[in-house]
Every structure is written in structure tokens, then in C-alpha cells.
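The chains carry the letters A, B, C, D, E and F, assigned in the order they are written, with residues numbered from 1 in each.
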Amino acid sequence: MANAFFQPVSAMELARFAGVPTFMRLPALTADDDRMDLVELGLVGIPWDGGTTNRPGARHGPRQLRDQSTMIRAMNPVTGVAPFELVNCADLGDVPPNPVDIEDTLDRVTRFYTDLMLRGIVPLTAGGDHLTTLPVLRALASDGPLGLIQFDSHTDLFDSYFGGHKYTHGTPFRRAVEEGLVDPERFVQVGIRGTAYNTEDIEWGEAQGIRIIRIEELFDRGIDDVMAEVRSIVGDAPCYCTYDIDFVDPTHAPGTGTPEIGGPNSFQAQQVIRKLEGLNLVGADLVEVSPPFDPAGGTAWLGISLMFELLCVLAQAIDARR
Amino acid sequence: MANAFFQPVSAMELARFAGVPTFMRLPALTADDDRMDLVELGLVGIPWDGGTTNRPGARHGPRQLRDQSTMIRAMNPVTGVAPFELVNCADLGDVPPNPVDIEDTLDRVTRFYTDLMLRGIVPLTAGGDHLTTLPVLRALASDGPLGLIQFDSHTDLFDSYFGGHKYTHGTPFRRAVEEGLVDPERFVQVGIRGTAYNTEDIEWGEAQGIRIIRIEELFDRGIDDVMAEVRSIVGDAPCYCTYDIDFVDPTHAPGTGTPEIGGPNSFQAQQVIRKLEGLNLVGADLVEVSPPFDPAGGTAWLGISLMFELLCVLAQAIDARR
Amino acid sequence: MANAFFQPVSAMELARFAGVPTFMRLPALTADDDRMDLVELGLVGIPWDGGTTNRPGARHGPRQLRDQSTMIRAMNPVTGVAPFELVNCADLGDVPPNPVDIEDTLDRVTRFYTDLMLRGIVPLTAGGDHLTTLPVLRALASDGPLGLIQFDSHTDLFDSYFGGHKYTHGTPFRRAVEEGLVDPERFVQVGIRGTAYNTEDIEWGEAQGIRIIRIEELFDRGIDDVMAEVRSIVGDAPCYCTYDIDFVDPTHAPGTGTPEIGGPNSFQAQQVIRKLEGLNLVGADLVEVSPPFDPAGGTAWLGISLMFELLCVLAQAIDARR
Amino acid sequence: MANAFFQPVSAMELARFAGVPTFMRLPALTADDDRMDLVELGLVGIPWDGGTTNRPGARHGPRQLRDQSTMIRAMNPVTGVAPFELVNCADLGDVPPNPVDIEDTLDRVTRFYTDLMLRGIVPLTAGGDHLTTLPVLRALASDGPLGLIQFDSHTDLFDSYFGGHKYTHGTPFRRAVEEGLVDPERFVQVGIRGTAYNTEDIEWGEAQGIRIIRIEELFDRGIDDVMAEVRSIVGDAPCYCTYDIDFVDPTHAPGTGTPEIGGPNSFQAQQVIRKLEGLNLVGADLVEVSPPFDPAGGTAWLGISLMFELLCVLAQAIDARR
Amino acid sequence: MANAFFQPVSAMELARFAGVPTFMRLPALTADDDRMDLVELGLVGIPWDGGTTNRPGARHGPRQLRDQSTMIRAMNPVTGVAPFELVNCADLGDVPPNPVDIEDTLDRVTRFYTDLMLRGIVPLTAGGDHLTTLPVLRALASDGPLGLIQFDSHTDLFDSYFGGHKYTHGTPFRRAVEEGLVDPERFVQVGIRGTAYNTEDIEWGEAQGIRIIRIEELFDRGIDDVMAEVRSIVGDAPCYCTYDIDFVDPTHAPGTGTPEIGGPNSFQAQQVIRKLEGLNLVGADLVEVSPPFDPAGGTAWLGISLMFELLCVLAQAIDARR
Amino acid sequence: MANAFFQPVSAMELARFAGVPTFMRLPALTADDDRMDLVELGLVGIPWDGGTTNRPGARHGPRQLRDQSTMIRAMNPVTGVAPFELVNCADLGDVPPNPVDIEDTLDRVTRFYTDLMLRGIVPLTAGGDHLTTLPVLRALASDGPLGLIQFDSHTDLFDSYFGGHKYTHGTPFRRAVEEGLVDPERFVQVGIRGTAYNTEDIEWGEAQGIRIIRIEELFDRGIDDVMAEVRSIVGDAPCYCTYDIDFVDPTHAPGTGTPEIGGPNSFQAQQVIRKLEGLNLVGADLVEVSPPFDPAGGTAWLGISLMFELLCVLAQAIDARR
């Protein structure tokens, strides 16, 4: 049962459009706060798009996600989970990025999350572009490679970009496997689509043992069947879930840098997360929300609604590990 | 067969972007017009959002719906109904709201619709927020409680708001049941979803006998099966249909105050109305279109297209009662 | 003193966002209405952009101008003119355009305005692209050439377009002079600017005796001085005022087809009209508002505010001629 | 195997947001280029909306489609087709339209495409409103009537408009059948929906033998079944595919002039094209993308993604005919 | 000299787009915080538009103003004032409004500001519509009527609305004078313009001794001259400054409910505030920023830039009173 | 007299919305084209925002500037200059940036411009963020330090960012002075404004001898007086002009990363360039146009209109040096 301090501001006390927007109206704590020791699940922003090779803007994601998040309520109507009652949740602020230095920012992120690891806080991250997942995994995988569930329209398994550059938002999971952060046999990608440069990424990934499920397969077999396979791939050992908003069809999520038509709708986007219930999740993220391409905020509203679903399965995982 | 006067302006005479925009290019009548006696079905706007606790703007709904409505043509391509040939339809203008007084506006609406009742005019209303349905029901249910079919993502069955305020867009149907305007055994809600504060609304509603069909059930069972149940719930006695645009997925209907992801698409949004054919409908409304959140008007185009579907089933009901 | 019938709907009775949007909330009359005989000043829309060679959309102008016009009130705060008390004003609807036939539409417009002429109604027109002024002048100049005051960033004095086509929005005033509708010695253009193809238009115009005042001259000499010259050019004989919204800087009026930077601001845009007070105006128009390039409607709000200024000087002219 | 010259600029050499935007980053050739003889498949724009009776803007379609097209990559991930390796593709520029003369523009288009025919170049066209397909067919059907597959929400089979005008975007396929350009027995329309003026178009079409498949039938039977029928209708003889973006649901494609709710999503929009594989296609087009109604470009991104699918089946057809 | 705690987060430590957005990146305090005793200048939001009779949305103002405020830096480049070094500034959150009860909200605001008064905190408020100023004045004028400087395009001096309703955003300053909160002899309005219903407001105001300066007078005499008069009107006694964003031309500030063309540009909007230096200001507000009418946030960026100017003159006033 | 080849496509042959958009419809040449030897003035894009510490997006600038540029005509209406007749102008494409490597991109730009220098081509550049000017100056100043005229709201004279990073869009001109590319005694900045972190930049700049003219001074003294001083500062020796679009008021130029209110309007924005006539200009650029913050393109239209003014003074300088 969660501490009374770690509750969202009630809409009966302060209307949803009012107040300083923290994630889901939770208390905002800084690293030196005494109550940090009580936090079990931390919502963190990584406002950074330094790995973006196409259309930038994901650095503005956490701000808009926090703004929209004040319309989130307290309970999951389908699973019945009330995450804020289950575990102590807080907004832990943003990792300070260095917009003009990729290596420096990667280090800053890893240090921030290593600190969370040491405190036993499970992170739910709002990106940022997809390169932000790499330094998070570097912190979380300190005890050995993790399982990984990736919802995405791109594999992000390319080797390099533009003359050998290794760190872009098209390469993080190649790096993660190479660095031993992710066990490729327990790594599954769902939703892959879009025109291709070539098949290098797919071939490399499958050679490592990564299971790559294209969108056609998801639609043909259905969510239940595919997600059952996903669960069996990652098994009971610790795993991480990374959710690129471009997994969803760009009509539903226009505010992103590299949209690919032909994706799931918002209902399907929720359903795949609900099927993660019971997995041994040690963290999750939602990345690539890019507000300049959707100033009205519909993409961020979708994104934070999906983060709430991730929050529910994370809270259950924390509760189950007690 | 409808009177020649009550026909939409033809696009062959005046292009669809031209002319003063009345609802569906119908003649606009005021209360003192001699031809009011001939009207069988009146389209009315209630430009009011005084009950809105979150994001306002629905007061601008009727204006934008009228604007988009000039692209509506004369015939339903699926059911073959030509409503303007079947019954005399007219644009009866807007109820004059009082933007700074809730009670006064509730009274104004009820008076306006009581006058329509006395004339035997069946109303099709463009809201306004969902509180606008309550004073309409007060006028229409003068002969006893009605059946009610509600398409919505929210139950709007809460008791009160912010220190006991009874009249908001989250409470109209609690009031309608308490006031005996709606028979809870003949009241069905379809499409409910979104994060929840608690389960107070659901519990109260189910205790009254209201049938609440969540979106998951709609998608699992399919529209045909669910709508058959809906029809059996309201039966042959007089019933009303209230359609909140936030029933539809917010990607299709971003112009609304309280969007909830994971809803039906625009085809499904049409289909549920077509399944109302043959019911004993005494009125209908389409509410919560909020133009400031969709200046380009796609939501209003969807909304007026759905109002045309409602118009067709209402016209059939009027014709059947002759 | 105006007839009580011809008054705008009061905002104290019906809030400004409510109701079917006629021009400035005036009564809408059709040609067969008995009260047409009482109308002294008619607001008319010409929803047509058939002469547009660049970016179309002005056909949607009258609709959006009517929508924004419901925020106009009753009195000019600077000149003190209360036009609706001074003369009988009404919304006379839109001329039905033929979107796929230029000649046919030109004829339709001329017939419509000839009818107004015969009834003694002074027209205030909402375009439409600038070609719409030509057929209006054909009707109004039936008794001889008029003086013309043109606020614009382009001369619209070119001879032809694309292989000899004579009727485009770049040529109307060449035609008007050639056809004897406008007296070139009493024709003045204010605000001309923008990059040029060549100087053919300027040279031809000046050879006819047209006075062309570039934007630099307007800013250098000031509005008072320039407008005094304008007044002396047109003199006391009947004159017409045509106001292209692209006269105003595109920051203030982005919703137009051929914007040219470096124009007047909205205060200056008003001031030039106020300096027309006392002229013998027989009509006026405001053209080239193109809603697709400004869905939020700021350009239309500017446009209708300028139309109200034109309305005030027209009402004074009508009153003076009594 | 395609010539090395006819390859898109690589994103590894020039980032996708950089460079002058030709269609899919292909080389742009003009009619007098020596390499025109090598071209097998030409991408052409027809920036024209002279046939539009409702909301204009499709003249801006080719520009925005080229802009978005630089995010298209080299390979179809589902069918495995790499069109730029299979045939020599090039951007052949835009047909110069005459915005103020319909007949002249029809002639210009036919001349342009007749020249392509004589060179043996298969055209993939970006419209433009749907009237642009008529002059293309006049060039392509010089050897006899073609089969025609039309994805659309409207039949475009009306006889005339506004007093007998024969050439609008609502009439091209009536003309095409009358002129013997299309064999009505090998003509199929898919996706028809929206409110109707009357049934004149349907009745005429079916009397000619045209197969008209409404959206309800498409959703009921499923894409596989319907597309099998489509294939059997056109058979092995030469056929053309015309794809109106308003076939797709307006939520996915808001940037169009005459949207109709209740259409396919973007995945279904792709699937129907993939089912054209193996047909004897001699050309295709994608029309009615109207940028002023979607400045952010999501509709154009969808449009060009669909054009890539059309490109793949056209390239296969060319390859099969070798 | 300000306390080290009350400093904005530095952009060298956390990039400006990062972090939870408090006003100007200041620390956010709640009423029970020990450091409240140290606060000298409090930034407060009043997210409420219950008095709005036209277009609502100002309830969303404080949120968007906070968002844009993270681009504000530390020093006024013209006056050289570094307000955060001069006095202790903090973000004191939002007054919790009751969106469905005007009286209740008026009371909530007055209680909130009375508490600030008792603590000796000078408030700088972000509205909300203009009715929000009334309850603030009720708290601040507890020791006697204040001087008032109002920048606005409307007088807001009307008596009532729609059947006698006394509390709307068109009436606050009539009430403030009637209630003895403002000394009409020390009350000056600058920028008044826009079409008028009648002259009731002006006549009543001038009869009380209020100095009403229309926009024409401001432009004719110039800012220096007019502001010298303003200063002499309010004199040395305590005064308050209320700044309605619709004072500024709507091209610069489209995000507001009742725009009036012909206003000052953004430079002039700043200049008038800089001329308040040295006055005995006891509070200020910036009201009527309405984000739904400017989602991109330019109006809020202007608004917060003007709030920074107000902050500088308030900080100087606090410093001068020490 | 310019070569017939180097002429823009005529709008009489191809309507302005048609065709592949090169800068101002000029021929596009690549480095290996034979006609490169004839080019005297090259328009080049640098689609890069790697130095941006705040809001990214300027990498998309050249694309949108090219798009809008097709509305530019052939002649300057004020100065009478017809630049395309005066010198041979061409679109030389974009420098290929490396979005994930600052140093690499700086080198790529310098190499590209060194090649232009060797060919004797005067560059007119479309950025890109303001860091792009530094590598251009490295190429152009190979013969010694240049004079520099900078229109901007920021000095961009800071030393470093975020822990010593030397290359950002806030530091280019500190670097340029340090590297001896610019003579500080012949360096003048016009338009500086906005809140400040501190006065480090101003103090360093003035200590070097840079003349920094704040916006207040520009408005007080007037453009003629200030520009006369500017001319005397740079004198007759070779100089470069860099124009940051944020010099202009953000109402006119919202599409930029770091807007500062209170700037010049679009007319003043043009005027300052016209006053550069006769200077010994060796190149110019227009930077910081960021399309994601203005999808409708008004900022780009302003930007390309200003580039045309720069083109005219550059063409005159080239002609004068012959």
C-alpha cells in the first residue's frame, strides 16, 4: 500500500488544467529529498534528441507529456490496477542533457539511472529519441543482460551512420546487444514496417537470435497470439520494455520524427501493453514523442495514456517482487 | 412526403461553400414563422459549455457544425433513406444561452424544447457540452421516463463536483434518473473507457439497472451483437439517443474537451447509429464538439456526418408514427 | 434613421458565438423578399476564385467573414458612426458562382448587381478573388465611368496571362479601364509593392493617367498626406473603393493567396478607410481573404473589421445623398 | 536491372531533409535530356485543380508530395520489391497547367503523356484533382480501351455540373467511358461511400457494366476476397489504376477537398495496392491531395507512401512485359 | 539582495526545454512551506474563465505561460534590473478555481490573496479572464482604494450582462469602483478601441473621474507623453497594474478571447511597462491569454515576456519600499 | 548581362506552384556540371542545426525556403535591380550535413565553400542555425579578416556552453573573431534585445571593438541614421552580411528557435538590407528559419523575400567589382 504522500493531486481539489504540471500530478522530488528513499517507481524525462538523423524535436517530449498527463486519473479501468495505491510513485524530474555533446549526454543519463538503481527505484522514462534507451540499459543491466520487448516500426539495429558514427537513434539496440546489456535470445521486436534501405538490420538481428515480428504478422495472428509468444520469449527473468511512439500509426501519433503508415490504432496500442501483465519488468520507456510536429498535443495525450498502461504493469511487477 | 419548402439548397444551384450556413442548407425558421406548424423535425443548436469542468469550447460547436454541414447531401447511401423527402426538416436556430449562469441556461433550454414538444416537433440537437442533454430531457420526458441510448466514453453518472455542485457535464444522467426523466432499466451506455477516479459512477449506475457496455465488450462482441442488445433494452417505447463525440477515438475526433484513446473509428461510429433503425426515437443529440481544439473542422465534419445518420433514423421514426 | 427590422441581433439576447452567422448579425433577405425595397445597403458575398493563378481558396472567404462578423458590434468608436441606425442594412446572401466557368460567373455577378442597382441598393461585397470586382463594376458603372480607390499590394493591371487569357485576378483593372467602367484620371492605387515580373503594368497604368502610390511613398509621406491626395484624385463624383486584403502586411493577413511582405499594420489598415469619410462612394469590396491559409480566422477577423469601416463610410455616403 | 544513374540520392550521403526535393530523390529530367530514352517509369506531377467544384487546393499536391517523398527509402519491406533496381525511374517534372482554362489544360496534359507513350515510358502521376486522370487516359488508351481500377469514395460518374458543364472532378469517368478510353466491363470502383445527391451515377455506371463496390462490401468481405474479384474483372489485358486519396478515411487523409468519413485506414490503404501485383498495369495515379487542408503534410506522407506501393507494382509490370 | 534559494534554474545546468515548468524556473512553494516567510514577490496563476461571455479558454493561460517562461533569462537588458537578485521570487502555484461556480471562485481567489497580503508578499498574477482581477483587488485594497493602471482594448466598465448578471469579464472595474477598491480619480485606462455596443461604459467611467485613453490618442501623442500622464494620475500612493493581453494587436496576441485589431506592437507593449518604473506598485497581473486560440504559444511567449517586465518594476517597487 | 541559361522559370510558362522547387526557380547545378564555371552567385542551403541549444528545426530551413521561393519574381521594385539579368545565379544545392557530428559538419561546410571561393562564386546561404556562418567565414576569409554586418536579436558572442563546449549557435562570432576571420573593428551588430543571462557577451564584444546596436537605439535613431553608421564601420573593404531571422519580430517570424519580442516589422526588415547597396559584399546568409515552428510557411516567405533583397545587393557588388 502506497504512502499517502505519493498521491496525485485530486481533480476535486485542483481542476485538471490547473497547477504546475508534474507527471500525472505526482509529487516532484529532487535527488537530495529525504523522501527519495521511499520512492519505488520514478517517472523521469530525458529531453534529448541528439541521436536523431531525420526530424528533431523529441527533446521537447517530456514537457508536453507532463502537460497532457494532468488529465490522467487514478485507476486502470480494464485491469482494475490503481498504481498509485500499489507503489510509491514520484516525478523525479529530467536528466540534464547536453544538446551539443552525444557522449557527455550518454554518460549523464547512465549516471542518473545508476543512482536510481542503487536506491532500488524502478524507472519509467519519457524520451527523448530512441538513443536514450541505450544509456538507461547500461545502468539497469549492471547485473547481466536483460530481456527486451520493443514496440516500434523500426528495428534500430543498424551498425552505423554517415561514416561510421555509432550512436544515433537508428543504432541503440545493436550497441545494446554488443555491449551485453540485452540477451538477444530474449529480445523481441513488434510492429516493424516501413520502406527499407536494405535488409542489413534484419539479417544481423535474426543472426543474433532476435525475434522480429513485422506488422503484417501482428495483424494476421492477432494481438493475443503474438503477445503470448512475446511473453514466452522474455520468460520470467528481468526484462525491460521500450515503446517507440512510432509503433502506432502516424494518424494517431503524428508528433514523431520518422512516421511509418500502416500501424496499429490507439486501442491496439493499449492492448499490447496490457498483455505484459505479470512479467518481471525492471523498467520501461516511451520515446520519440516530438511536440513540434503536433503542437495540439494529441500524440502526447496518446503517449501519456500509454505510459499509464506501462505504469500499471510496472507497479504490478514491483508489487509481485516484494 | 415532405413539403417543397423544406428542402436543402441544391449544390447545382449554389455551390456547397457558398451561402449563409444553416444546418444541412435547410430553411432557417424562427419561432414566430407561420411555417413552424409544418415542421416535423427541427435541428437546434445549444451553444453552451457552462457545465464543463475540464477544457471549454463546446459553446462554439453549433457554429462549426453548421459550417461543415453544407457538404452534406440529400440521401443516405446505405439505408437509402432520403430524410428531407420523408419529413419536413428545418433549422430552428440556437437556444440563447447565458454563459455566466447555469441555472438560467438550463431553464432557457427546457422552455425552448417544451415549445417544440407542444408543436409536435422532434428535435435533433447540436451541443454544447453534455449537460445540455439534461434540460432537453426535462422537456421531452413530460409524459413519463424515456428510454436512453448513450454513446460515450464517460458515464456522466457522477453525483457532484467540487463541493457538491450538482450540474456539470459529468453528472447529467445521474440527475436525469433521479428526476425520473429516464427509466434506468431502459438506459444503456456504450463505449465507456478511460482512466477512472473510482468506480462510484459505475456502481451507482448498475445498482439502478443501467446497462453499461465498456469499449472492450463492444470490440469483443462486435457491433451487431451489442446493438441487438441495445435495441432489446430500450424496446418499443419512446426513447432518446444522446451521442457524445468523445465516444469516437480522439484521432478521429480531436475537437473535444475530454478525449479518451482507444475508441471506435469513424466507420464504427456510423454503424452503431444505423442499427437504431426502427426504434421509437423521440429525439437525439450530438454533443461535445469543441472547435477550438480542431480549427480545421475534421471533428465537426465527422459530427455532422453522424448527425445526418441520426436524422435518418429520426425521420424514419417520425414516418413510422404517422 | 434605420428601420427597426434591419438591426443586428443583440449580444445581450443571443451571445456572439450563437446563431446562424449572417454578416454582422443582420437579417438575411432573398431577392423575393418584400423588405428588399427597404434595403439601402446590402452586404453580399462572391464566393469565387476562378481568376486565381496562384494559390486558390478565396471562394471560402464569405463564409469565414460571416463567421467572424458576429463579433462586430454596432458603433464605430472613432468616428461615432452607428451605421445600422443610419441606413437599412441587410445580408443579401452570396452570388451563386460557377466554379468551372469564368465567363458564366462573370455574367452571374453582373446580373446580381444590376438588380441591386435597379433597386437602389449600395453594395458592400466580400470576395472572392480580385477578378470579382470587374463584374461588379460592370453593373455599377452603367451610368458612366466611376472613380476608383484601390488598396492593394499589386496593380492587377496586367494585360493577359498564359497565352492571352484576359480574365484573371491579375487583370481586372486593365479590363475595367478598357471597358470604360473606371475613369483612369480618377483612379488611384495605394500600397503597391512586392517583387515584379517587369514594369509593364505600371507603365501602362501611368500612361492612362492612373496614380500609383507605392508602399514606400505611403510610409514616407504618411497616411494623412497620401489620403488627402487620394481624395483630391477621385473628387466629388461617384467612386468605388476596392480593398484587397493583401494590402495589409501578411503577418496581419496570412490568409490570402499572394502575400507581399512590408505592408501596413492593422491600425494603418483601418486609418486609410476612415479617411474616405465624405466621399461619394457608390460601393465597396474587400477581397482575397483565403481561409485555407488561415483556418484560425485572424485574417477574416481583420477583414470583417475593415468591412465595418467601409460600411461606416458607405452609410455616411448614402445618408449624405438623401 | 536499372541503370546506375537512375538511383535515389542515398540518405547516407545526403540526409533526408536535405537537397532539392525531387520525387523519391530520383534524378529530374526534362524532355530534351538525352537520358530520357532510358527512362522506363516516369513520375509526373499535374498541379491542377481546375475541375474542382468544392474545396480547391489539389494544385499544390505535387509540391508537397515531392517534399514528403524524400523520406521514402529503396525497398518494399513486404513484397521485397526494390523498384529502383528493377527499372529506370525518374522525376519528369510537372505538366504546366493553365489555371484559368480547363480545355487548354486538358490538352496540355494529353500532349505531355502522349509524348511519354511514344517513348515507352510508364507514368506514375501525382495529381491534381480527379479530372486530371481523363487527359492521361486519352493519351494512354490510344490503342483501345483500358481496364480501370479506381479506389475512391466517389464514383465521379456524373454527367454534368451547373448547367451542363462536362469537365469537372465529378465527371471524368463518365467521359472516359463515353470516349471509349475505358472498357466499362473491365472497370471496377472500390470504396464508394458518403451521402448522395441521387443515384444517377450508380445507375448509369451499373448499366454500362461497371462494377461498383461500396465500402460496406469491402469491409464485410475483406480485402483479399474483394481484390480477387477486382483482379478477375480487369483480367490480363492492359489496365490503369487511379487512386483518389479520399478513398482513405479523412482522419488519415484530411488534406483533400471532399472527405467522406467511414473509410479504410492506412494499412488497408496499402494492402489493396499490394494485391495488384502481377496485373498488366500501364500506368497509375494518386490524386486529390490538397495541402492547404493539411499543411503539416501527414496526408502527403500517406499519399507518397501509397505512390511507392503503386511504383512497386508498376515496376513489376514493366519487368514482366520485357 | 535575494536569497540563494530563490534563483531560477540555470540554463547552463538544465537546458531551457528541460524540467518541470515553474514560472521562470523559480522554486515552487506551497502555503505550508517554511520558506514562504522569505518570499517577497509571488507569481500566481488563476486558471479560470468563468466570467467569459464570448470565447473561453483563458483557464489554460497559466499552464502555457509557465511552459513558455522557461525561455526567460535573468536580467532586463534595457533597464539593467536583475529581479531575482533584487528580491526573493517564487512560484506559488495556482489558485484552485471552481469552474462551475463564479461566486465560490471569487471567494477562493480573495482568500488566497488575503493570505499573501498578510505575509507581505507582492503578487504577480497570470490569468485567467479579466474578472480574476476583481477578487485580487478585494484582497489588496484592504487598507483603502488603490490607484489602477489598466492596459486593455476594452474598458470592462459595463454594469451587467444578460439580465443583470454582475460578475463577468466585462464588468470587473465597475464593481471595483463601486466596492471602493479603486479610486476612480487615480484610475487610468490605456489602449481602448474596438467597435462599441454603446457609450454607456465610457460615460459612466468618465463621470467617475476615470481617465480613458483611446488607442488613437496613444499613437498620436506617443508613449512617452501618455505614460507621463499615467504616472501623474496614479501618483505616489499605492497602485496596481492590470494588463489585458488584448491591449496588444491581435496579430501579436491571437491567443485571446476578444481580439480588437489596430493595437500596439510587441515593442510598444513592452515600452509602456518600462515607463512604470518608480511607481509604488503593490501588485500586477497579465490576463486573457487563451491557449486554445494559439496552440503554438506565441501569445504566451509575448505574455510571459511582458510579465517579466512587470516583474522588474514590481521588484524595484519592493526594493524601494524597504 | 547574365547568361540566358541562368534565368528563373517564367510563371507564364509554369505556374508558380508547379515544378521541382529550386531556389527562386533557378537552374540547379551540381559540382561537376560544366556550367559551374559560369556561375557568379550561388544559392546554397546548409540544412543543419547541430549547434542549437534550445529548440531545433533549422535543419529544415532550406527545404521550406526553396518551396516558398517559387513565388519570388524577377525584379526589385524599389531599387529596380533585376539580379538575374545582372549576374549568373544558380541553385548549388545543399551542403551535406552530418546530423550527429558537429566537427565533421563544420569541415564539410568549409570544404564546400572553399571550392566556391576557388571558382569565384559569391555565396548566398540559407541556414541552418547560426553556427553555420562560422565554417562559411572560414572559407571566405582566407585572404584576411572580413568586415561583418550582423542583423540579430542575440550577439552570439558567448564563449562556451555546458561545460566548455565551444561550438554552438551562441558562440560563432566569438570564434570568428578569435580565429581572425572577422575584424572586430569592422564588425557591427544590429537589433540586439531579449532578456539576458549576464553581460559577458556584450562586454567581451565591446572590448574587442565590436559595435553593438540594441533595438532601442535602432528605433530611436531610425534606420537611415543607424545604417549610415553601419556603412561607415565596414567601409569599402570586403565584408559579409549575416542575417538571423530572429532579428525580425517573432510575430512576423514565428518559425525560429529563440524568438525575442519587440523587434522590427517586415518593412523595416527589408529596409535595412536595401541600405547595404554599394558595399563590397563577398557573401551573405539568412539563418535560423525553423519550419516546424511555422508549418504554414509565413516565416519562410519572409525569409526568402529578405534573401531576394540580399541577392540584389550581392549582385550589384559583383557587378561593381567587374
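The rule we apply is simple: a contact is a pair of C-beta atoms (placed from the backbone, for glycine too) under 8 Å apart; a residue touches a chain by one contact, two chains touch by 3 or more.
Here's who's who by UniProt: A, B, C, D, E, F = Guanidinobutyrase.
Every value quoted in this text rests on a predicted model; they were computed, and no experiment measured them.
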| note | Overlap of the chain D and chain E neighbour lists contains A, B, C, F
| field | Length of the shortest touching-chain route, chain C through to chain E | value | 1
| query | Same or different: at the chain B/chain E interface, is the fraction of residue numbers used by both copies above or below half? | reply | same
| request: Sharing over half of the contact pairs with C-E by residue number is what counts; pick that pair out of A-E, A-D or B-E. | output: A-D
| query | What is the chain whose Cα centroid lies farthest from the Cα centroid of chain C? | reply | A
| request: Compute the rotation angle for the C-alpha superposition of chain B onto chain F, expressed as a multiple of 5 degrees. | output: 180
| message | Can you compute the centre-to-centre distance for chain D and chain F, using the mean CA position of each chain? Integer Å is fine. | response | 40
| task | Could you check chain E for residues that touch two or more other chains and list them? | result | 15, 17, 53-55, 59-60, 99, 161-162, 251, 265, 293, 296
| message | For this structure, enumerate the chain pairs that meet the touch criterion. | response | A-B, A-D, A-E, A-F, B-C, B-D, B-E, C-D, C-E, C-F, D-F, E-F
| remark: Counting only contacts in the complex, chain D reaches chain F at residues 13-15, 17-22, 28, 45, 47, 59-60, 62-63, 66-67, 91, 93-94, 96-97, 99, 295-297
| query | For chain B, which residues count as touching chain A in their complex? | reply | 53-55, 161-162, 192-199, 214-216, 219, 249-251, 254, 258-263, 265, 293
| request: Mind listing the chain D positions that touch chain A in their complex? | output: 11-12, 15-17, 71-78, 251-252, 265-267, 269-270, 296, 298, 301-302, 305, 308
| said: For a test of understanding, state which residues of chain E touch chain B in their complex under the given definition. | reply: 49-57, 59-60, 98-102, 104, 161-163, 165, 167-168, 292-293
